[in-house]
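Consider the two complexes below, in which chain A is the common component and chain B and chain C are the respective partners.
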Partner chain A sequence: MSKKILAIDDEPHMLKLLERIITEKTSYTIMTLNNSLEIENVLNQNQFDLIISDLKMPGNDGLDILKMVKEKDRPEEVIIITAFGSIESATKAITMGAFDYITKPFKKEQIIHTIDRAMKCHCIKDKARKWKEILDTKPFSKAKDIFEVEYVKNMSEEIDCLPEMIAEETGIDIEKINTILKNY
Partner chain B sequence: MGIESKSQNIQDYSLKNFRYLVVISLVVILILMGVGLYIVYHDADTIEQHFINEFNEQQLALAKQVALQIEMEIKNIKSELDYLASMDLNSRSSLDVDKIFQAVIKHNQNNGLIETGVFSNNGKVYGNYIDTTFKGIPNSKIPLICNNYPQEMTMTYTRYNMGQSGQQLSCIFWITKIYNTADTVKLYLHYDLKRLIGKVAGEISSGRTGYAWVINEQGWFVYHPHDVYVGEIAYLIRQRYIPDYDLKKINNIMKNDMLAGKYGTNSYHSGTYGELNTSVGKLIAYAPINIDFIQDKKIWSIGVVTPVSEVLEGVLGTTTRHIAAEIAIIVSMFLLGVLIVVYERRMAKYLSRRVTEQKSYLTSILQNTVEAIIMMDKDNKILVWNKGAENIFGYTEKEMIGKTFHRIIPPEVDANQELEKIHEEVATQGYIRNYRALRLTAEGRRITVDLSRTVIRDDEDDIIGSVAIIKDVTREMDVEQRMYNTEKLASIGTLAAGVAHEINNPLAVILGFTDLLKDRFKEGSSELEDLKIIEKNAENAKKTVENLLGFARVSEGEQESVNVNESLQTVISIVESTLIHEKVKLIYEIDENLPDVSGDTREFQQVIFNLINNALAAMKGSEGTLRVSGWVESRRVCVRVTDSGIGIPDLIKPRVFDPFFTTKKVGEGTGLGLSLCYGMIKKYGGSLDFFSHSAEDDPNEPSGSSFTVTMKFAYSYKTEKGV
Partner chain C sequence: MKWLRNIISRGKSGNDTDLSIVREKFQIFRRLLYKHDNIIRMISDMEEKAQGEYLFDLHYIKSNLRKIQADTYDAIELMVMMGGDKYKSLEQVADNIFSDLEQIIPLTGTIREGDLVISYDKLGREQIRSVGSKNAQLGEMKSKLNLPVPEGFAISAWAYRLFVDSNNLQEKITDCLDTLNIRSSDDLISYGERMRGMVMQCTVPDEISSAILESCKKIQDNNAVNRFAMRSSALGEDSIHSFAGQYASILNVTPDKVIDKYKEVIAGKFTPQAIYYFLSQAMSEQKLAMSVACVEMIDARASGVVYTRNPIDPKDNGIMISSIWGLGKYLVDGKLSPDTFRVSRKEGTILSKAVSKKEIKLVLSENGGTCEKTVPIEEQESPSLNNDQLRELARYAVLLEEHYDSPQDIEFVVNKKGKIYLLQTRALRIFKSSTTNNEIDISKLEILAEGGVTISPGAGSGKIYHATSIDDLSEMPDKAVLVTPNSFPGIVTVMSRVNAIITEIGGLANHMATIAREFRVPTLGNIENIKHLNNDDEVTVDASKRVVYKGVIHKLIEARKGEVDLFSDLAIFEMLQNIMKTISPLNLLHPQALNFRPQNCQTIHDICRYIHQKVIEEMFEKAIQFGGTKKHGFKLNTEMPMEVRLIYLDQEPSVRSKGGYIEKEDLSSSPMIHFWEGIAKEGWPSVPLPPKFKRVEGPFVADGNIDDMPKFRETSFAILSRDYMICNLHMGYHFTTVEAMCTDEPDSNYIRMQWGEGGAMLEKRVRRINLITDITKSLGFENYGRGDYMDVALAYISESEIKIKLYLLGRLTMMSKQLDMALSNDEIALWYKEDIMKRLGIIIKSEKK
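Let's turn to the complex of A and B:
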């Protein structure tokens, strides 16, 4: 399943550039938003893994969007694009919880590298959250069930093999694995 | 000084005037007082005279009245005689006749009737009736005296020497009665004149002690309160009693007026009055007593006399009080005057003390103010040159008094034109305010002054000069200039930042797409080469924008500390080879162990690098000297880069920190170097100053520039060392 990126900028050419870099140079899918005032709608209807936002925009600016994401406790990471010289705003963004900032003009490698890092970080955070959920679950039998499901899912994703092989390697009942994978 | 002496003159003048006024007033007051006193005195005299006249008039009325009464009395005697004559005494019994005469005696004895009777024409007395109560006058003489036979009543005086009590004057009135030719008798009445007249005249009192006397037509005293006078001739008796006294006046009055039967009033001096034998002024009123109903008519005269002193007693009292009141008023006025003078003198003393005090205040203010206070006369020659002026311009009072301002105006300013301009404005407007001008001090320093000048007028509103207050505002101007520069740079920075942001976006798009496009072409293809050119130029634009933003940045990131010594060493090692190549001599005078300063090491190095680069550019081809020095000064580290280059002309000095301002050829410099340095240093609270001398301005002095970077001590350094 491909990871999703939302890019927000009032400059259509800049959006187009980001779209081109991401589609041509990465495996992620990108959605672009020209009007920052629509952000709330878009976020309500979709979930993304990463948001790339320009800092200075009419309507909601980058910091407003970042604030919105953090206040609603959404899982998206946020990368802020700033012009050279607005370092104060960029550092402010970092303290407010942005993943990183990129200054304009940038090289495509800079963008790609930062996005990759963000995605990795997002993935880890996701996992950590799941682990915490399992650990917080009561009673133990239910936690065990959830864990089993996650365990099997992870196996199937990582090894990408048949249920029989998983059953043989992990010692979990084949029927159970089938049920889990079916539901998943 | 001129103005003071002028005001002194005015003061003297008014003082003199005042003195004249006082003297004139005094004279007038004295004259008035004299006139007043004279009038009062004269008035007293007039009042006195008036009073005397009034009194005498009254006395005259009294005299007239008494004269009338005396006439009446004597008329009564005539009727009495007529009554007796009407009786036919012959046909009556002697008893009857006795009764009639007794009755007459009884009836008239109070009027002074001494005796009455009838006698024959040959002197035989038929009957003689005497007032037995009266003692003294014998009657034997009567027939001798009455020897004629008047048909009308006749009067004869008889005088008796009464011894001790002097003369006794009496008067016999008789009338002839003819019964038939053979029988003719005389009826007579013998009166004691003293009692007859004294009954009326003796009652008179004029004033307090005034009295009346009566003289007969012969000048005898018919009546006088003093018995000794009666029966005497007035001239003689007076002469006898007061022989040393000149009695001409009263004698004349008697002779010319009284005995002539006139009315009148007069006054005279007499040596006696009552018992007093002193000179006494007397008032006299006199009236005639006409006794015209007797056969040979007689005129007596009555005189009423009162001493003047008595009359004047009241007047004198009034006048004395009057004069006393006048004197009291004059004295009190004099005292009031004295009081006023004393008060005035005290006041004047107090005021003069106040004036002295105020004057000393003013003088002290004038002398001790920091501002120059300069006073000029009408021809703009200096009259007053205070300490402030001495301090500001360096010239002493002695050097400037009587001079004009020309010597403190620098040669590059047209002194005549500027002074003319100021004078004209002061003359037309009355003042000039906050005029900024360039001035030259005694040491040859140029200072900027703020001058205000106002004309001074005298009491007649004529201009007598002007006063100028001058402030040295060189420092303020300097600060203002700096503030203005800072403001200017800050606003340029803000503008630049805005522009840079706008350029950044399209640059990012251009660079981004160029980057993407490059991947599509093989190495060595002409398209790829073209794209690289686009990218290169876009990158240049990007750098310019970065620099511009770098200048505009206010602060960025955390404050670091810079090791000045190390940083300088690094920069020197970079430029060393260039110095050798350009044949520039380096003098390196950096204090060892300079404290760390606040700032970014890279940026600090860039600043020094830029300054050295500029210095080298200024010395290009002249084998000059580069001096880099560093020291600590009031808790700051100063680093100075000095060159012996061409210097910066005065004209462009204010613009050296402006972004994009450059004297280099197009392509050699961006004009951002110094403005960047300025931005970097300011960001850490430091300052960047310079002084420079260009050969263009003055070829006689060595040219060159010197830029000084002043940086604050680093925070960590301060806390560690407790600075």
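Let's turn to the complex of A and C:
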């Protein structure tokens, strides 16, 4: 499934540029938000992999949004876009848990590279969180079930193999594999 | 040469400038160079951003422009302080340029107070901020280009502001816009209706209505006109956003209905498609003040659109003309497939002609408004324009494109007598995204339909969704392939939700086509046999190659994606590029060219260039005046038999030895250090002789009577700062002046060297000047002098290069001292030239080859 990005900026021209570059140059999908006051609603209704937010905006600014994400322990990585001269606030954003900041104007490659790094980081964190969940699950039989699901999903993703092949390799029941892949 | 003598004689006539004044001028000079560098730096930064590699926002553009504006006016003020009121005219030049910029990007954003109505005879494109683009261009065509434009007048943006204020409308509108959800078709329809209702309930203030009626009356009386067309000409419309067809045009209005229809045009700002367009393009509604065009209604035999270029193929050099019978609405709304013609730019030859079947036409009703009529069968398939009309239109097209210096989208009408009138011209957006040539194997793909016209290139896939009007669109799923019998205005409201569009009727020149290209939605038009495509069928539309395939073919979509100009069609990029056209090109190139005058500065870069040249000249003049008239400063301690006095502008020099001498180690002026190093390296010269030539009289004796020679300073001098030098060396019968700025900022750096006079006959002196000029040319200098006077300059190079060049100039100065005496023929001159170049380590071009 395509990874999702939310971009927030009070200046829609920047949103258009971000939308264009992400649509044309990456495999991610993007949703844009011009009014930062709507952020709470949008976050309540959606989950993203990455949020790209301008630092200075009327209503909620970039730091407010970052705080919102971190306080609610949401999974999104946050990249802050700043104007030249707001480096102090940008550094503050990093200490508050932003993935990175990028100073306007910036090169196409720079934003794509930063997004890719954030996505990789998000992916690793996501996996780590899942492992932690499995390790914390009791009793063992339930943990084993979850593990099997993850194992099958991973296998199908990485080698693109048929359910029968997975069954043969893992010894997991074929019907169970089909159910897992169907729900995936 | 003459001017230099004037300067010197002025100095001698007792009009001396004292050191404090020179120092003050030097400070102004430095500040001005600093401003100049800032402006150049900001312009080049913006140039870089306009290349498509960067993402930036409006704030970036505006803040840079404001800084450029402030620095430009500061630089002009400093220039006046430096050289006097003769430079004041630069202010007007800057005013004009910034007023042009204001049209592209309102730095102030206010509506200017002005006349409520303005006749086209008195309008030009410079009034775009008062009357909107449509009106301003109609005025420009009529009053400046003398083109056939119907009689008419503009109802200004200022009138709109009065209308809104007197009815307290703004707050109510803003409330509605803040509440509606742009992604909801229902919201766009219902809020749009509510806002239009609010406008229609308002009263047009008396002063506006009487001004409008009075103007109508004038046109009626003078031209026997009794019907008008009222069209939107909103501020911002046709600028970086096309707004094609988003606003209202009301045709065939009787004089008694003009005021009511004025309100209707204003209300047209709030149609669902117009709201969607300005909100999606991120424009402030308040800035889109609605000026209105009120023009004589032309009873159309035929109407159409001229594209001065092919909007989807910039390489196509033909002029594209589309036309239909009757009024143009059916063409621009996409209701009819028009006749299309390609006409050559130069000779007006008809390159191709595709006549379509035009069964219906829109005509004027007797009681006002319009009605549809069937076209007589014998006319249905005959061309709606004749060859003469096509050629006439092509002529207008070329003229307008040249006048505006960009491709144009022109609307026209032909009246019953066959006379052409132009109704509108605006910039035509060229689809710059090149489709890649990555061909994929299509042999196994199932074709569902093919043919038609590429309206917007690219490929997109999704589920088929049929719609015939805006009412059908609310149910449309996201990422659909929209199929319609013809274009209709509401399609714009789903532009960001569709992956492709197919229309049975319609060509390249309708409003929907323009918007589809703007939104980069692959669109195929005028294609038959698509009724069998059922809702929910998954298809891929290859608009570039005009084929509809079964299923979703990702590889095809990827292959059609543009690889270059990722951003160039986006509004903000177009805006920056237009801004750069106003500030960046350099038109003033040569300081001695006739056009090197303030009034010929067309861009900010020109102003900078002019000021840079002039401030250097002014500084030079002040310094020479000062240095040449009194024995100021300290003597340089040198072994050479010449006295050089040093005057410091920004420091107290270190004087170590008795008698007020400055050692060359203590020069503390970067340019002087390197120049003097070159001089010291050569030492006091003795001119080498060419081996195969007989020795002439020696030592060299001046030709003619020495008393007749103009006497320059008896003492040489140098005026110095840490990074500046003007050094005037009096060496026998000639003078050398070298001026240089040597900083870590290449934009500030320059060297100028002047050389004149001498003891020999003119012929020999000219030989020497030619010899030195040739050598300096090979060092990258350009000569601005003439005859026996050399004035070479080099600018914008790095600090290290400046130092090397100064060192070489120092050496060259000594090598060529009194050389003129020896240059009795060209052969000897050539030998010396090559000898000097060899000694200086300069590669001779012919040898290089």
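To be clear about the criterion, the second predicted complex is superposed on the first by the 181 of 184 C-alpha atoms of A that agree within 3 Å, B and C clash if a C-alpha of one lies under 4 Å from a C-alpha of the other, contacts with A are read in each partner's own complex, and residues count from 1 in each chain.
Basically, a contact is a pair of C-beta atoms (placed from the backbone, for glycine too) under 8 Å apart; a residue touches a chain by one contact, two chains touch by 3 or more.
Keep in mind that what you see is a predicted model, and the values were worked out from it rather than measured.
Engineer: Regarding the shared-chain residue A:Cys123, is it in contact with chain B (first), chain C (second), both, or neither?
Structural biologist: neither
Engineer: With both complexes overlaid on chain A, does A:Thr91 touch chain B (first), chain C (second), both or neither?
Structural biologist: first
Engineer: So, A:Ala83: does it touch chain B (first), chain C (second), both, or neither?
Structural biologist: In the superposed model, A:Ala83 contacts both chain B and chain C.
Engineer: Can A:Arg20 be said to touch chain B (first), chain C (second), both, or neither?
Structural biologist: both
Engineer: Touch test for A:Leu162: chain B only (first), chain C only (second), both, or neither?
Structural biologist: Neither partner.
Engineer: So, A:Ile146: does it touch chain B (first), chain C (second), both, or neither?
Structural biologist: neither
Engineer: Give me the intersection of chain A's contacts with chain B and its contacts with chain C, in residue numbers.
Structural biologist: 11, 13-14, 17, 20-21, 24, 83, 104-108
Engineer: Which residues of chain B touch chain A in the complex?
Structural biologist: Interface residues on the chain B side: 497, 500-501, 504-513, 515-516, 538, 542, 545-546, 549-550, 552-553, 555-557.
Engineer: What residues on chain A touch chain C, complex-wise?
Structural biologist: For chain A paired with chain C, touching residues are 9, 11-18, 20-21, 24-25, 34, 83, 104-108, 111.
Engineer: Could you list, by residue number, the parts of chain A that touch chain B in their complex?
Structural biologist: The contact residues of chain A facing chain B are 11, 13-14, 17, 20-21, 24, 56, 83-88, 91, 104-108.
Engineer: Name, in rising order, each residue of chain C that touches chain A in their complex.
Structural biologist: 49, 53-60, 281-282, 561-562, 566-567, 570-572
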